[in-house]
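To keep things simple, chains are lettered A, B, C, D and E as they appear, and every chain counts its residues starting from 1.
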Amino acid sequence: MSGGPLAAVLVSLVAAVAIFVFRNHPNLREAVTLAAAVIKFAIVFSLLPTVLDGGVVESQPLELVPGWALHLRADAFGMVFALLASSLWILTSVYSIGYMRSGGYTHQTGYYASFAICVSSAIGIAFAANLATFFIFYEILTIATYPLVIHRRNEEAIAGGRKYLAYTLIAGQALLVAVVWSASLAPGATFQPGGFLSGSASSGTLQALFVLFIIGIGAKAAIMPLHGWLPAAMVAPTPVSALLHAVAVVKAGVFGCVRIVGFVFGVDLIRELGLANILAFAAGTTILIASIRALGEDHLKRRLAYSTVSQLSYIVLGAALGSLHALVGAIFHIAAHGFMKITLFFCAGSIYTKTHKEYIADLRGLGREMPVTFGAFTLGALGLAGMPLFAGFISKWNLGLGALEADHTIYVGVLVLSGLLNFAYFFPIVYTGFFGKSDAPFRFKEASVLLWLPLAVTAVISILLGIFPDIGLHFYELAWQAAESLVAPAPLMLAGGGE
Amino acid sequence: MQQLLQRIAWLPFVAAAAILFYAARDLPTMADPNAPASTHVSPRYIESALEETGASNMVTAVLADYRAYDTLGETVVILTAGLACLLVLGAFTPARSGPTEKEAMPYEFGSDIVDATSRLLIPFIILFALYVVVHGHTSPGGGFQGGAICAAAIILVRLVRGRAPGLKLLPTYTVAIGSIGVLVYTGTGLVSLFFEKNFLDYSGLPLPFHGGHLREMGSLSVETGVFITVTAVMVLIFDVLTMGSEE
Amino acid sequence: MEAETLSVVNYWLAASLFLIGLYGILARPHLVRKLMAMNILQVAVIVFFIILGYKSDATPPIVRQGDETPIARNYINPLPHTLMLTAIVVSVSTTGVALALLIRIHRRFGTLDESELIEKLK
Amino acid sequence: MIAPIVTLFLMMMVLCAIAALQVSDLLGAVVIFGAFSFFSAIFFTLLGALDVAFTEAAIGAAITTVFFVSAIYRTHRKVT
Amino acid sequence: MEHTPILIVLVPLTSALLIPFLAMGGGRFARAGLLFATAGSLLSSILALRASLEGEVLSYHVGGWPPPWGIEIVIDPLSGVMATLVSFLAVLAAFYSGPYLSGWTARRTGTFCSLFALLVTGLQGIVVTGDLFNLYVFLEISSISAYALLSSGGSKSVVAVFRYLLIGTVAASFYLIGVGYLYAMTGTLNMADMAARLPETSDSPVIVVAVSFIVIGLAIKAALFPLHGWLPDTYTYAPGPVIGFVAAVMTKVSAYALYRILFYVFVAGTGPREPLLLLGWASVIAVVAGSLMALAQKDVQRMLAYSSIGQMGYIMLGIAIGTPLALTGALLHVVNHAVMKGCLFMVVNGVQWRLGVFRVRDFAGMGRRLPLTMAAFTVAALSMIGLPPTAGFFSKYYLALAALESGYIPFLAALILSSLLGAVYFFRVLEKVYLSPENVEKTRDTSELPLPMLAPILTLAVLVLLLGVFNQTVVTELIQPGLPS
């Protein structure tokens, strides 16, 4: 079974080659994509029982340079991300096929192949057992995403692509330095719960190192002020935006952030170095400012992009707070946000495919024509705002508890305020959609089934995750497991109902 | 940028000057018989050259035997230069506006006296060249000097009589001759390789001699190679420089 | 004492030759002149090596008739001489190639002056 | 003691070198350059480097000069 | 088999001598001779390398004279690797030059092939020799043949090469003077012998001067900023079949010679490494300046030339830091850079050969016309930027780690900055290649390159990836055995 993680990574790489081979047979090509997605999910899912039992699945380390091994290991935390990426790949593939066909896009082979490589590297990031492996897949992800961002090949796309590359490559170099540095401080640089850097260097060095890490990770995680590329990358086709925002790229960033905080430095060390407060402050600021920026955006996808920036910082905030519940909330939010945000992007994509409308003001009355789409959108939006019974609530609740646990009551306020802002920027969309006056005669014209089915599924899952957080993929349990490995669960004051 | 660079170009110059003058004082005093250069390595050349290589001219002994590999490289440098000139100017066809062949060769004297004198001189010069080669082992001289002199003689012919017509293919043959010279050199070395000695180890040559005498024959053979190459290539370069080869 | 001063003077003169060559290459505008400077530079190196090889009260490195057991003290060091033969040959080879290049340049651009050449290359 | 004579010839070489680089006529410069080679050959002889002197005379003084002259004829002897 | 060390040099040499005769039978024979020359050299290099990896340094005494009296050829793992690298690229370049030469007359082809074989001879001679003066002789062989080959690219190239010739000769003279100083102080020319005798005189300023001269001389040859002046023009106007080889190995061989002399003669002999830091700062400037200049170029070939200057800085940086890790990085980068730069230059010249264009904007839409060629270009470019898992990443990793561990943070910063600049100038081309519409007139033949050109390009591109993935093997099996103990 030890080949599991490796197989999970390789499936989509092989698929990428197959996609290229079948470039002249669209149906075969897309069948390969779907098949690979299903197989990958099956492989990842088959690892789940072991991990739930508290075990890990490791592959044989392949040493690239001394002290720099390619080493895959599926632990609870990695499983959250891997499950998210592989399950969403299936849905996104279905959706992509519908989207690309109805949109009449060119370069589809390159699209599917890059997509497969992206997912491959996302799984690689999830299962990376050490910084070296993490870095390699992180860089592959950077490059593989580039063709997707510039998929439309027009001026705007190329400009967006440049911006994307500028941010991510610079960050990649910072990350490289950080990785090399930590490898020289602690040979092997293997992730371990509680961190491995503690005591290996002076606090000044560690602080500098952490800053490098945050620059490296922060660009993908879109922590302000490193978020600039994300709205610019909205020129990409919608399934790509969905991938960028919900599945792979930004999630790789925040995933990395939690990895760095929890498994490289350790929450205690971060707090000792006085970095936790700074990071939490940055995250809190990002949450609020991005929400406010979202309010000002008229372009639907760009508003969603700022919403992503804001939501991602929940996860960073959780990592920075470093208490048990905060971590649970953060880790669970990786999955929860994935499902909810992808719903929203799918909706935006369906609307665009059907009507070619991109601005919120133009959506008047569309909700009546596309009830499924707008219904799903509403569910996703409510979830992101943190309504009880939705997935977003569970993560927020835990984050709030975590903030109290860590004696940072102010962040509870930030969370509440952000929830309100979420309502403020999502509500107009829903309202315009359902109640705006439309000149066109009313008639039911939902987009093709390949488009609306996936988004309906993800919307339903976001609700299910809110009610039964452990349903199917055991995200909540995994999150607890991961968080408990990072923070000793002993003084469980709030859960214990004590003082 | 270009100007800036040209201004900076003085810096290495001044630096080199400072370093050169500074270091001179710490070099071993000139003519000091106890300087490292005179006490290490070189004594063996002086004291055993005659016995080991059979050459009383130690320079030749070092050149053609102890460090014969260097000399091989040196001969190859010459051949390379010949080929290089050929490649650089070989593709050249006289432009219509360029000088005609007559103008290009203004020193074709055509004077009877010069002609007669040179006719008288040239056999002796060539003879002298051969003498220099053969006697390189006992007196100053050797393949390079002999080759240069021989080349000078042939160049003299060229100068006096102009280049003979119909020698269009000349550079090809000169290059071939030059290659033969180096081939003689390498061949000598390869023969000893064939007889299970190291490359250029003349003691492996299948000749009825022994010890220093055998090695002397070996060096003579390579000196002949050097002579051929130097002669051919010097003439070649001269030809190419004065005419260009028509192609 | 005097021998030492003279020795330093000789080294300095060799160094001057080297520097003159370097100066010519860097500063003289005509390409043929640069080439001559290059030759001077190489001769400077040769001079330097020959000075290194010299020994006072020693004869040129050719075994005298009847001297069956030559002693190192009595003969000038032959090694630098050998090396410099190579250097001379290298220098003439380089010159030959350089002149061939010059002729090509002159064919094409009609000048061998550096500044004019830069002008024409633009 | 030949040392002062050696130094003298070395000085001559330096002078010739400067002259060769400064004289305005190119052919003149080549001739001076030939003289430079000639002086260096004598210099080598004085220092007992007979082979080097021989080679310098044959190759440096004679053949290099011929090369220079023929190249200058092929181009032109413009004054710079 | 005991003679393989000399065969590395002798095979191309003898072939070069025979090629003029072969050419009399036609250009094809000359080309076959060149292939034989390079392949033979490659074969003997591999044999010698294998022998040296078995733990014993092969020392071949030419002429049967033991060093320091005779000349010694040394094959240790380091020179074995270099010789293999040089001859491997030579084989590829020999294949690559085929289509170029097909239009030439037999005589010119013969001259060209002969000089090419002599260039290989010269470089191999430098690589394997254990004697300081012998190195100079072979340096001149390689230089003179390179002058001739590089100047066959048109009238602009002749002017550039003339400057190269002057500067190169100055460099060689600097080197020779340095060797003269060393000889004056030690009386020997053999590297190992000199390393043994240097400690006696290590306090003398003459040694410092000697080192400076040798370093300056070889740094000019290796085009280390600010001594790189000859390189951009020479590379830009150089003819296609030559530049892929010259750009890939020539500067590298000089860097190798510098490394060998510094670490096997001086450091082994006298110890201190601190003066090397000066070289380090020069390299830092080289790395940054080379990348910046590359950024400013409109001509792809010139851009690659400047990028070479920056990359040579990487190698020198490793040499300057001088820890085993840094040297590993430097030597790995020598190999990597040779492979990827060779690939890039071959691609660019292939495009030029096929379509007659060089400027960045002319590369528009090339991804559709020459898909395989451009795929190779992309791989090599990513490697130049230093993205995993390509080869370029790993050498950068070693260098970065070494800079960190030795505490030279500015060096690290320069490496990172240069990677980023590299990303900018390569993506500028890649964007054109893949994203812009084609703008070359339709009449041109726009099919893929012919096989003799395509095969070397693809081989190198695949090698870039292989060197990346299996660099662990390369480092432990080939490079680390060659480090100075």
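Simple rule for what comes next: a contact is a pair of C-beta atoms (placed from the backbone, for glycine too) under 8 Å apart; a residue touches a chain by one contact, two chains touch by 3 or more.
Because the structure is predicted, anything quoted here is derived from the model rather than measured.
Looking at the partners of chain A and chain C together, the chains they share are E. Shared contact partners of chain C and chain D, listed by label: B.
Distance from the centre of chain C peaks at A, each centre being the average of the chain's Cα atoms. With respect to chain E, maximal separation of chain centres occurs for A (centres as means of Cα atoms).
Geometrically, the chain at the heart of the complex, using CA-atom means, is E.
Centroid to centroid, with C-alpha atoms defining each point, chain A and chain D lie 78 Å apart.
Each chain gets one centre point, the mean of its Cα atoms, and the points for chain B and chain C are 16 Å apart.
Centre-to-centre separation of chain B and chain E, using mean CA positions: 29 Å.
Averaging Cα coordinates per chain places chain D and chain E 37 Å apart.
The multi-chain contact residues of chain C, meaning those touching 2 or more other chains, are 3, 6-7, 10, 18, 21-23, 35, 51-54, 58, 60-62, 79-83, 85-86, 88-90, 92-94, 96-97, 99, 101-104.
Listed for chain E are residues 133, 137, 140, 144, 147-148, 151, 158, 183-184, 189, each touching two or more other chains. Applying the touch criterion to all chain pairs gives A-E, B-C, B-D, B-E, C-D, C-E. Touching chain C in their complex are the following residues of chain B: 2, 9-10, 13, 16-17, 20-21, 24-25, 27-33, 35, 37-39, 41-43, 45-47, 49-50, 56-59, 61-63, 67, 70-71, 73-74, 77-78, 80-82, 84-85, 88-89, 92, 95, 98, 138-140, 144, 230, 234, 237, 240-241, 244.
Interface residues of chain D, counted against chain C in their complex, comprise 3-4, 6-7, 10-11, 13-14, 17-18, 20-21, 26, 29-30, 33, 36-37, 40, 43-44, 47-52, 55-56, 59-60, 63-64, 67-68, 70-72, 74-76, 78, 80.
Interface residues of chain E facing chain A in the complex, by the touch rule stated above, are 382, 385, 387-389, 394, 396-398, 400-401, 404-405, 412, 416, 419-420, 423, 427, 431, 435, 469, 471-472, 475-476. On the side of chain C, the complex with chain B involves touching residues 3-4, 6-8, 10-12, 15, 18-19, 22-23, 26, 51-58, 60-63, 69-75, 77-83, 85-86, 88-90, 92-94, 96-97, 99-101, 103-104, 107, 118. Of all residues in chain B, those touching chain D in their complex are 30-31, 57, 59-60, 104-107, 132, 140-142, 144-145, 148-149, 151-152, 155, 234, 237-238, 241-242.
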